[in-house]
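Next, two complexes with chain A in common: one pairs it with chain B, the other with chain C.
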Partner chain A sequence: MTGRLKTDGRLKAMLVAHYRDAFLARRRRRPVAWVTSGAPVELLHALGILPVYPENFAAVAASRHLAVELCEAAEAAGYSPDLCSYARTSIGSMLTGQGPLKGKALPEPDLLFAASNICGVVVKWWEVVARHYRVPLFILDFPFVSERLTAHQVDYVRRQLEEAIAFLQAQTGRQLTRGALAARLRLSAEAVALWNQVQLCRRAAPCPVGALDAFTNLFPMVTLRGTRACVDYLRRLCREVEGRVARGEGAVQGERYRLIWDNIAIWHAFGLIRYLHSRGASFVGETYTWAWGEYEFGPEDLHDPLGSLATQYSQVILNIDLGRRLERLLHMVKGQRADGVLFHSCRSCKTYSLGQLPLAREIGNRLAVPSLLLEADMADARAYSEGQARTRVDAFLEVLDSRRNGSCRASG
Partner chain B sequence: MGQDAFRQALAGNGVPRGGAIGYLCSYTPEELILAAGLQPVRLFPPGGPPGPADTYLQSFACPFARGCLDAALRGEWDWLAGVVFPYTCDSLRAVAEVWRMYLPARSLFFINLPLRVEGEAAQEYAAREFERFRRWLEGVAGGPVVADAIHSAVRLAGSLREALAGSGLAGRPFLEAAMGAQVMDRLAALELLALPDEAGVAGGTRILVAGGALETPVVLRELELAGAAVVGDDLCVGSRYVALGGAWGDVPPPNPVAELARAYLARLPCPAKHPAWRRLDALLEQVAALRAEGVVFLLQKFCESHAFDLPYLRAGLAARQVPSLALELEQGTLPRGQTRTRVEAFLETLGGGDRR
Partner chain C sequence: MQGIGIDVGSLTTKAVARGEAGVLAQVLLPTGSLPRRAAGEAYRQVVARTDGTGWPVVVTGYGRLDVPFPARRVTEITCHAAGIRLLFPAARTIVDVGGQDSKVIGLDGEGRVRDFAMNDRCAAGTGRFLEVMAGALGVEVGRLASLANASGREITISNLCTVFAESEVISHLAQGVSREDIAAALHRAVARRVHGLAGRVGLEPEVAFTGGVALNQGVTGEFARLVGRPLLLPKEPQFTGALGAALLAGRGPGESP
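Showing the complex of A and B:
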């Protein structure tokens, strides 16, 4: 096995540096915004605002097995255990001051910025944070794109972006220049192109990057998109991955099955992915990591940055209708030459998970590609049993085996 | 008053078999449906154990939303000329998506309502969505939906809301009337409300119920049996529906669709909309006006919008010495026994009231 990517070391350093910056921001008079993963972060970077991501923070807490404790703290304060576990982790941390960053919670926000293009949950969650810290909140509403994005939807988002700029300027006393935003979009576009290049490399057999690396390497794409540091990092990543392809090195020894992962990672159970790798199953794509390659800012977009932000951020994976989500998934399965799909049915995340059953059914009907639906949760380990998951994975791999043997016989 | 007629309508007896448009959530501008000469029928899933929806939705979708899909898949709503989903929450959106994929697409319209209710941009956007909805209705009705018709429809729906508000009804009888009115011919509902009131207010500890969607008013029976007198509600099937306000004057506004959109966004926001800040004040006002001794929250399991607001609302009520209790609905009902004990214990702590 080729093992984890070398760039991983650098990745950890970036993560540490990002959170150190967040803690030092106040002293350096740099405003800190808590933002959602679907927010047009280029805007914040262009204004010199430091974005921190409670979702990423919750994922870090989950991977260090601290999320359950924090969820319990939120539950003790009256938050239902049925609420999104990222929200519970973040709220628990906010209430107790505890967290995975050397024991600490996220630094306090100066302002809050949430975009509704990933779910309705973030709007309610950010309202809770705004009440707690008594800081101003901006909600950027992206109407759901059912069938097609309409002109009046783009117009609505564009007008809100104008409001958002006025809000951010007023809160921080900083001024946004057109050039600054265009420069951020250009950097974003570069990062997206590199990220997609990495993903395309995963078409190779054996696949050079596994799910563990893909999930962890997403951090710069989410958090630092629109910065030079992100582009530099991805360039290295791309080089390393291309090197692997050239040498015919796979992330998994004896690649036998090529799978697609749907939904957020199960951050507290990377053991399951290692187990899959050990059984010769490699992940050739994840709809989740893929999603960050779907922002397309071409040179022509730089003339109308707000219009293109509105258009691109409206059509993220969790804001489009099921038909289009299915198209994207079919495309991915075919393009990456996958022979199975693993749907993480994540009870926390309704926008991502509800709809998976029809997707699984259609993938089966149209491509005869089997899928496995695994019930779990991205952060709350209480809803998950590794033993059961492995048993189901074993059975699924057997299905793939029997199909392979069957089709070999048929073609031979 | 025609309590029996309302009950019958809710049980499905008063429902027409043609020209009806089903809708989910009180953000649907029923006035436009009326103006198209069609009957708006608010859809309340029949409740009961999970059915065919299980094949399409995991167990963690809110039971109200999955109940709707169950009913649709069972063909119980096949007689509708169309169904309208306004954008409410992630669960209901998922139901609409499954519906679109596996049930006849012709019949579904998704009003892509804004999540924000404040600001000019949201208002103009909502107006354009309402306009799109109007055009869709024209297609279903096979004729134009003109300004005059909208004006009359607003007046009719407004009179009905006013009649409900002024009916003197509260608690279960009120919900029966309000929910019944939303599934039946609106003129007939208005006539029923004009009949003399025979319901009267039951005795017991004065309680306000708050929450989201309910499948049936029968839920309140468990509270009554435990000794509560439900004197008011903050439910989207009840007073939040009524609260949209009254009719327009004699002269129609220049742009009735935009005016209607404005009215819908201006009403007390449901927790799934932003911002929800006004909700606590509204609740406190209602508690004071109705001299309620406590509040019982009725929540659909997995409903995130309501669950996020709950700790804040309860703390805000507690700070004003208003005790509250939160109950979770299961398949449209409150589990017997256990609920009774909890409600009784809660009422004990309130003491007082005009208990008999």
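Showing the complex of A and C:
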């Protein structure tokens, strides 16, 4: 096996540096904002605000097996176990001051920014944070996009973006310039292009990047998008991955099955992915990592940056209807030459999980590609059973085998 | 070709030895707390009855990962598909309700697994659910169906959680509801639960019902009513997985069921 990417060390250093910056921000008089993963972060960067992501923080906590404890703390404070586990992890950490960052919670925010394009939970979650820290909150409301994005939807979001700029300027005492915003959009566009280049490399057989690397490499795309550091890192990543393709190196030894992952990673159960890799199953794409490659900021968008932000952030994967999600998935399965889809039905993320059954059925009907539905949770390990998951995975690989044997027989 | 199949389930371990002429021997033992030992004992007994030393073995069931003899591991899904294919070639859907899980398997025209679904993180709709309820009613689990036969009034057990459903049973008893009516309600609850799971895969006819719970006519009767057609029922449904495993053992790896 080729193993993990060499850029992994640099990635970890970036993660550490990002959170160190967040802790030092106050001393450096740099405002810190807690933001949702679908926030138009280019605006904040353009104003010199440091965005930190409670969702990423919760994922880090889960990957270090600290999330359950933090969830329990939130539950003890009265939050329902049915609430999103990212929210519970974050709230539990906020209440106890404990967390995965050398034992600490996230640094306190100066302001809060939530965008409803990923789910409705973030609105209430950010309100809880706002009450706890007594800091100002801006909520950017995105109407759900059924079929096509309409002009009045774009206009509605654009007007809110104007309000957001006024809010951010008032809170920070800084002025947004057109040039600064354009520069951030250009950096985002560069990052997106590089990220997509990496994803397209995964069409190669054997696939050069496994799911573990894809999930962890999402960090700069999510939290550093719109910065030079993100672009520089992705350029390295791209070079390494292209090198692997050129040398015919795969992430998985003896690639036998090419799978697509749907939904958020199960951050506390990377053992399952390792197990799949050990069985010769490689992941050639994830709808989750793909989502960050779907922002398109072209040069023409620089003339109307707010309209462009409104358009792009309205159409993120969790804010579009099932028909369009199906189109994207079909495109991915065909393009990446996948022979199976693993749907993680995530107990916390209803927005992402609802509709997976019809998606699986359509993928089966149209492409004759089978799917596995695996019930788990991205952060709460109590909603997951390794033994049960492995039985399902084993059975799924047997299904793929028997289809292969069947088709060999038919053609031979 | 000759082969031995062993299904190490949560409640019982089953072994089947199969030769050219069909099933030569079969064994059923309680799994107890030592699945590895139960698997070894089932293997020893079935080999002793058939002189099957050295025959290829396929092991399945939740205890398949740790057995004290060389064997190929295949999941219950594939083994049940192979077993049912042998018994009922016309089956397109298999419902298997065992001790602690229930699953629904969709087959294509050649008997290959097309899709499957299993219950998750919950014992409602399994043999264990019925065992717990039989305990609450103070009857043997094997008598639950005949008890339900004498039910005269339809009541509902609404809880899906096994523990809460048990409380519901106890409170029904306390209110003087007859054990017969409660037993019938429990069978409907299990059948509905499994029927819901089957919806994920689709219920294409013919429908075979297997696993230990297939012995309970209360559940199979309710399920047949929900499906709207008679079910294919093996004579010894607990052995379907082990039978399929024996068949696959005889075929060797790489050959699809």
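Following the convention adopted for this analysis, the second predicted complex is superposed on the first by the 412 of 412 C-alpha atoms of A that agree within 3 Å, B and C clash if a C-alpha of one lies under 4 Å from a C-alpha of the other, contacts with A are read in each partner's own complex, and residues count from 1 in each chain.
The definition used in the following text is that contacts are C-beta pairs under 8 Å (C-beta built on N, C-alpha and C of every residue); 3 or more make two chains touch, one makes a residue touch a chain.
In this text the structure is predicted, and so the values were computed from the model without any measurement.
Visitor: Going by the contact rule set out at the top, does A:148 touch chain B (first), chain C (second), both, or neither?
Guide: neither
Visitor: Which one hits more chain A residues, chain B or chain C?
Guide: Tallying touched residues of chain A, the top partner is B.
Visitor: Which partner chains sit in contact with A:388 here, chain B, chain C, both or neither? Use first/second/both/neither.
Guide: The second partner, chain C, only.
Visitor: Just chain B (first), just chain C (second), both, or neither: which does A:104 touch?
Guide: neither
Visitor: Applying the touch criterion given at the start, work out whether A:125 contacts chain B, chain C, both or neither, answering first, second, both or neither.
Guide: first
Visitor: Which partner chains sit in contact with A:398 here, chain B, chain C, both or neither? Use first/second/both/neither.
Guide: Second partner only.
Visitor: Look at A:139 in the shared chain and tell me whether it touches chain B only, chain C only, both, or neither; answer first, second, both or neither.
Guide: first
Visitor: Please indicate which partner A:357 is in contact with in the superposed arrangement: first for chain B, second for chain C, both, or neither.
Guide: After superposing on A, A:357 lies in contact with both chain B and chain C.
Visitor: What residues on chain A does chain C touch that chain B touches too?
Guide: Common to the two interfaces on chain A: residues 357, 375.
Visitor: Touching residues of chain B toward chain A in the complex: what are they?
Guide: Going by the criterion above, the answer is residues 55-58, 60-61, 87, 89-91, 93-94, 96-98, 100-102, 110, 112-116, 119-122, 124-125, 128-129, 132, 271-272, 274-277, 301-302, 304-305, 307-312, 314-315.
Visitor: Can you check the complex and tell me which residues of chain C touch chain A?
Guide: 62, 73-78, 110, 112-118, 120-121, 200, 254-257
Visitor: Quick check on the complex: what are the chain A residues that touch chain B?
Guide: Chain A reaches chain B through residues 77-80, 82-84, 87, 116, 119-121, 123-125, 127-128, 131, 139, 141, 143-144, 146, 150, 152-153, 155-156, 159-160, 163, 321-323, 345, 347, 350-351, 353-358, 375.
Visitor: Please give the residue numbers of chain A that touch chain C in the complex, ascending.
Guide: These residues of chain A touch chain C: 357, 364, 370-371, 373, 375, 383, 385, 387-388, 391-392, 394-395, 398-399, 401-403, 405-406, 409.
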